[in-house]
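Input: a single structure, listed below in structure tokens.
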Amino acid sequence: MITLLYFAWVRSDIGVAQEALETKAETVGELLAELQARSDQHAHALAEPARLRFAVNQTFVELGSPVRDGDEVAIFPPMTGG
Amino acid sequence: MITLLYFAWVRSDIGVAQEALETKAETVGELLAELQARSDQHAHALAEPARLRFAVNQTFVELGSPVRDGDEVAIFPPMTGG
Amino acid sequence: MIRVQAEDFDLGAELAALREGRRDIGALASFVGLVREMAPEGTQASAPDSSHNGSGEQSMTLEHYPGMTEKMLAEIEAEAQARWPLQASLIIHRYGRLLPGEQIVLVACASPHRHAAFEACQFLMDWLKTKAPFWKLEEVDGKGNWVDARESDEAAARRWQGG
Amino acid sequence: MIRVQAEDFDLGAELAALREGRRDIGALASFVGLVREMAPEGTQASAPDSSHNGSGEQSMTLEHYPGMTEKMLAEIEAEAQARWPLQASLIIHRYGRLLPGEQIVLVACASPHRHAAFEACQFLMDWLKTKAPFWKLEEVDGKGNWVDARESDEAAARRWQGG
């Protein structure tokens, strides 16, 4: 089981802030492809990976980075704080 | 009559903060030469023009700048505020 | 020190606390980011009024990623401490709904020397902008708009290398 | 606004006054310079104590050129206002005898954007250091030493051109 967290417009487009997923995905990229197929909202929110940032267990990662059972995977837009 | 103001170590070396001078000097450089001859203290304090800064009527000037009767001429080391 | 909080902060009290009881600090640089009132849509910033609809009520809501926010701010502060001879540093970042004129973020750095204090503050802000998981939602008359990241902020972060 | 005064200033109150009633400021950068306690002569800064004579009582006395000081600070502030889009700026510089830990100088700049606020503050400090007629006399156990101007300050002022 992987815990997914969404923030900002990724969250509002998908419509949930958090969801759990049983998956065989071994990388962030594979996970993303699986998520894109989940619903129209997912497909729309996650359509452009270049506009997204990814963190696994609160560390920034790339699309090729591994994901493992039990990970917390966050998907969000580039940050705009400060 | 020219009013002379000294600050920092120029003041403490010469021993006065202010003095008035009747002079025929037409430039800051001529005035400086005249002052250097005034006393041993003046000679010592004013020996190295490169270590001094000059202001006429509260505006920075160079050795070649003119002085006129009634001017306020200040001589001091490079500034160290802030 | 880092703090992530919904409440406002007292700038004077925070800066006073940073130098409290110390006599070795030569330079204290600080920066506060504030919610800035936007000119109403369709008007020039210089126009004294406008004919747009609505009251123009504006707010800025800061969303963040609890846990990762604190982790990233601590990493950014540690990086500043490693790069400059800092005697004290502070990052406070707020989240939640803020109104124009309210404080969003404070960074402060104390050092024996002014260039270190200034540079470390700028570094903290530049990295914070691009590495701390905060997102801004602007709302005008209830209509929300997620603020886009700016290339100029990315460029500012890159000038410190490793950014 | 500029002020030249013997009295201390309240940093928090000064910064609060600068943004009082405004909702258009996005960035407020500030800098405070403080009297820094020196390591006793002949010791390393890291040595916890020393065998030097005297109690090590230290002070810093700031002398200035009344009239010209205000003129130069006003010119420096006007130059910053001309170079950056500032919404408010403040320079306070003290004179007289100060003890370690005391505040010497405050500069603060408000702008819609953080880079302008930061840069204008640094500019004000760099130019103030080399153009405002202040001189520092360090005293330790009653023995006075006029602080030498530093080439690094001259270089810092020159990077803004016209310096």
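What to note about this one:
Note that the chains are named A, B, C and D in the order they appear, and that numbering of residues resets to 1 at the start of each chain.
Note that in this section a residue touches a chain if its C-beta (ideal position, glycine included) is under 8 Å from a C-beta of that chain, and two chains touch if they have at least 3 such contacts.
Remember, it's a predicted structure, so these values are computed and weren't measured experimentally.
Comparing mean CA positions across the assembly, the chain most remote from subunit D is A.
In whole angstrom, the spacing between the mean C-alpha positions of subunit C and subunit D is 24.
Centres computed as Cα averages put subunit B at a distance of 26 Å from subunit D. A separation of 72 Å divides the Cα centre of subunit A from that of subunit B. Contacts with at least two other chains are made by residues 33, 125 of subunit C. Subunit A has residues 82 in contact with two or more other chains. This structure has the following touching chain pairs: A-C, B-D, C-D. By the touch criterion stated above, subunit D contacts subunit B in their complex at residues 33, 62-65, 67-68, 71, 93, 104-105, 125, 128-137, 146-149. In the complex of the two chains, the subunit C residues touching subunit D come out as 10-13, 15-16, 19, 22-37, 100-101, 112, 114-115, 117-118, 121-122, 125, 156.
Of all the residues in subunit A, the ones that touch subunit C in their complex are 5, 7-9, 11-12, 55, 58, 60, 74, 76-82.
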